[in-house]
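Here subunit A shows up in two complexes: once beside subunit B, once beside subunit C.
Right after this comes the complex of A and B.
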């Protein structure tokens, strides 16, 4: 039977989610890391409410970026080592689907827990209630974009040092960081934040096809 | 009958070393090719060139006597098993079969009968609880999922006891009768009926 793209997509997603669910560290580590980083700020700087509120957008976003990249290099390295990637590349189905399924799975197991943790951290940092919505929206868009970026880093650093992918990716996360913090900060000041979210959405819309295709090429560099 | 795969004048140089030069062979339906060579003689490289995973070989590869058919053929008919078996430790034996990229359209009964055939008793046991030899048996069970045309197997006989080696020989013979061909590698000739290519002597 000829396989079609949807079958492929769900096969990869099902398999990766099943493996992730059996290795609890994949989704617990980013969550705990995020909460620990956030809770250091009131301890180290000052518990002052106004002060923390002004820091909150930046702090939450930096913590989210770092924790979403915490285990990014594993996204392809295991499949590369155990030969599963070879099997994908022998079958002639579009590798784009493979990359997108893997990125989506990575986002579901790291980005999604971070979203939940960000709600808790908004209490720790006295973030006003009206900025909760833009924070969650910008984090959904931003962490998914980070997973896409991270996939390229992971593909380029296949078989090399684990920290390399984070070093490749972090400089490119600056636009996401700027837009994300600006959206939350404007909401705190009761200003219109929709423009920032629209730009993040546009970045994601270009990023999904563009970065996935680049990632395929980056993986193929290892097959030469 | 046309050969399934015809290789002519295939050469490969890697990192300045000539691995093999002017290889010529044909893979016919129901016949096997065994690639013999010491470590580093280019056995795995040859398999990966044939499969189109790497593109460093010079020469001609014709599939079903039709160069244009190559990609489609690879998609429909080829099975590849590398050194690392593609078995996930955190999946059970049956899940490893069910969620493999070779398992589209394969029924549950087929999955279980394949595992029974290779002697895996606990189908729901995680692969991490199994020994290396048993993992190898799971990977052999995947050969039986569908009727593939050519099987490319990298060192099928390593890390196996006599019983498992006999099992592989039996399965290869069985699949040969259905018209499938095997291209296998090894350090020394096995008991499988095949024509042999010795890479140590080719250079």
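Right after this comes the complex of A and C.
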């Protein structure tokens, strides 16, 4: 029984990663989008070093949120359109695992490039070196939570416009945004940032079971 | 006791059926309108004309009799919606989904009213229309969540499906709203000490908060009234092809 679920999980994960790897736009687009958004801030506001440093945590986090939601509607829509999702839900294997595997794949494909891009942009925005670690940690936790939230938005707006899922998801992403920027900002001031990361971790720990189950419910709405 | 419980249970089951709800609400509605107007008029006249003037703010503070009840309503309607959403998801009660749908615009309006009256109040007392204070920010986010729920419902054509979609969203909302509130509080204390405090006025005298309590009650009654009227409209639109609607309400037209 145990091995069955694991096999099923890795099967989905491998399949989705394979599809993503064959289409380079899935992981290059968020990266490029992230860097473009970041580079707009010095151009539009001011290239002053001190100013950019104070702005950096917020700018990086807003860019990360937007680019992780950039292609979120594709997480289910293609499988829904060609009927693969129907087959997955008809099969006896748990759909909860399916959703989790898909979210994990989405995070690996978009969250990971964002992490690399954020390291580059921390140089562009003169972020001090000591805040690099909290930034990476908070982005790992935060973008995963965004992928979970985005999955529920994508499931609810399946077959609708992509902008709808962004409107649904963005108000709910505010705690992530606040905690993430607070962690980086307090590291810049040499303060303790572990509390913010712990809260983000707790949100993720509740979010993985809770939001995955609700996403299953949301997908099932389309099969009535 | 047991008899009482059975009676309540039967009443709830009966209210789940649209025709019985419609019949019952037709009887209740005039009384509801009557009491709402009485309580509302009582609270507002007491608050606006007979309560004492604030020694610091003068008569400006009287907007509290609109502002505070609408802010309370904005939050408690969301809780009501989450309960409806839970009932819709678990037991698939048709009418609770309609209740959820009917409550959403009312909650959004009350939240917007709280924001607007707040900024009208803020201009003379704080000197600005808007401050990024923790409470103001979380109320604004609450309004965005209401907007997301209403937008999602209107984008799905099949209305019973749309009900269940927004019930999922309202359950996510009720889980995340406390986190938003707490995190906004922390954010405030982290970045800057709050310039203004909403609770800076000395604790109110009974002369001031008694009318406020009446106003809160009046607003709750207003919500019940608007909800019943919205729900009746919703029921009649959704069930327009059913025989009970045409028998009772449409036969006269033909």
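Methods note: the second predicted complex is superposed on the first by the 221 of 224 C-alpha atoms of A that agree within 3 Å, B and C clash if a C-alpha of one lies under 4 Å from a C-alpha of the other, contacts with A are read in each partner's own complex, and residues count from 1 in each chain.
The rule is short, and it goes like this: contacts are C-beta pairs under 8 Å (C-beta built on N, C-alpha and C of every residue); 3 or more make two chains touch, one makes a residue touch a chain.
Keep in mind it's a predicted model, so treat the numbers as computed, not measured.
Student: Under the superposition described at the top, does placing subunit B and subunit C together on subunit A give a clash or a fit?
Tutor: Here the two partners, once superposed via subunit A, fit next to each other without clashing.
Student: Regarding the shared-chain residue A:83, is it in contact with subunit B (first), subunit C (second), both, or neither?
Tutor: A:83: touches subunit B, not subunit C.
Student: Could you say whether A:23 touches subunit B, subunit C, both of them, or neither, answering first, second, both or neither?
Tutor: first
Student: For A:14, select first, second, both or neither according to whether it touches subunit B, subunit C, the two together, or no partner.
Tutor: Once the two structures are laid over each other on A, A:14 reaches subunit B alone.
Student: On the A-aligned overlay, A:223 touches which partner chain: subunit B = first, subunit C = second, or both, or neither?
Tutor: After superposition on chain A, A:223 lies in contact with subunit B alone.
Student: Report, please, how wide the angle is at the C-alpha centre of subunit A between subunit B and subunit C, in steps of 10 degrees.
Tutor: The three centres form an angle at subunit A of 90 degrees.
Student: Enter the shortest inter-chain Cα distance between subunit B and subunit C once the structures share a common frame, rounded to whole Å.
Tutor: Between subunit B and subunit C, the shortest C-alpha distance works out to 9 Å.
Student: Can you pull the subunit A residues that subunit B and subunit C both touch?
Tutor: 224.
Student: Which subunit A residues qualify as touching subunit C in the complex?
Tutor: Its residues touching subunit C are 152, 156-157, 160-161, 164, 167-168, 170-172, 174-175, 178-179, 182, 185-186, 199, 203, 206, 210-211, 214, 217-218, 221, 224.
Student: State the interface residues of subunit B toward subunit A in the complex, per the touch definition above.
Tutor: 48, 51-56, 71-72, 74-76, 78, 80-88, 90-91, 95, 99-102, 104-105, 126
Student: Spell out the residues on subunit C that touch subunit A in their complex, using ranges where they run on.
Tutor: It comes out as residues 89, 141, 144-145, 147-148, 151-152, 155-156, 161, 164-165, 168-169, 171-173, 175-176, 179-180, 183-184, 186-187, 190-191.
Student: For the complex, give me every residue of subunit A touching subunit B.
Tutor: For this pair, the touching residues of subunit A are 1-3, 7-8, 11, 14-15, 18-19, 22-23, 81-84, 86-93, 223-224.
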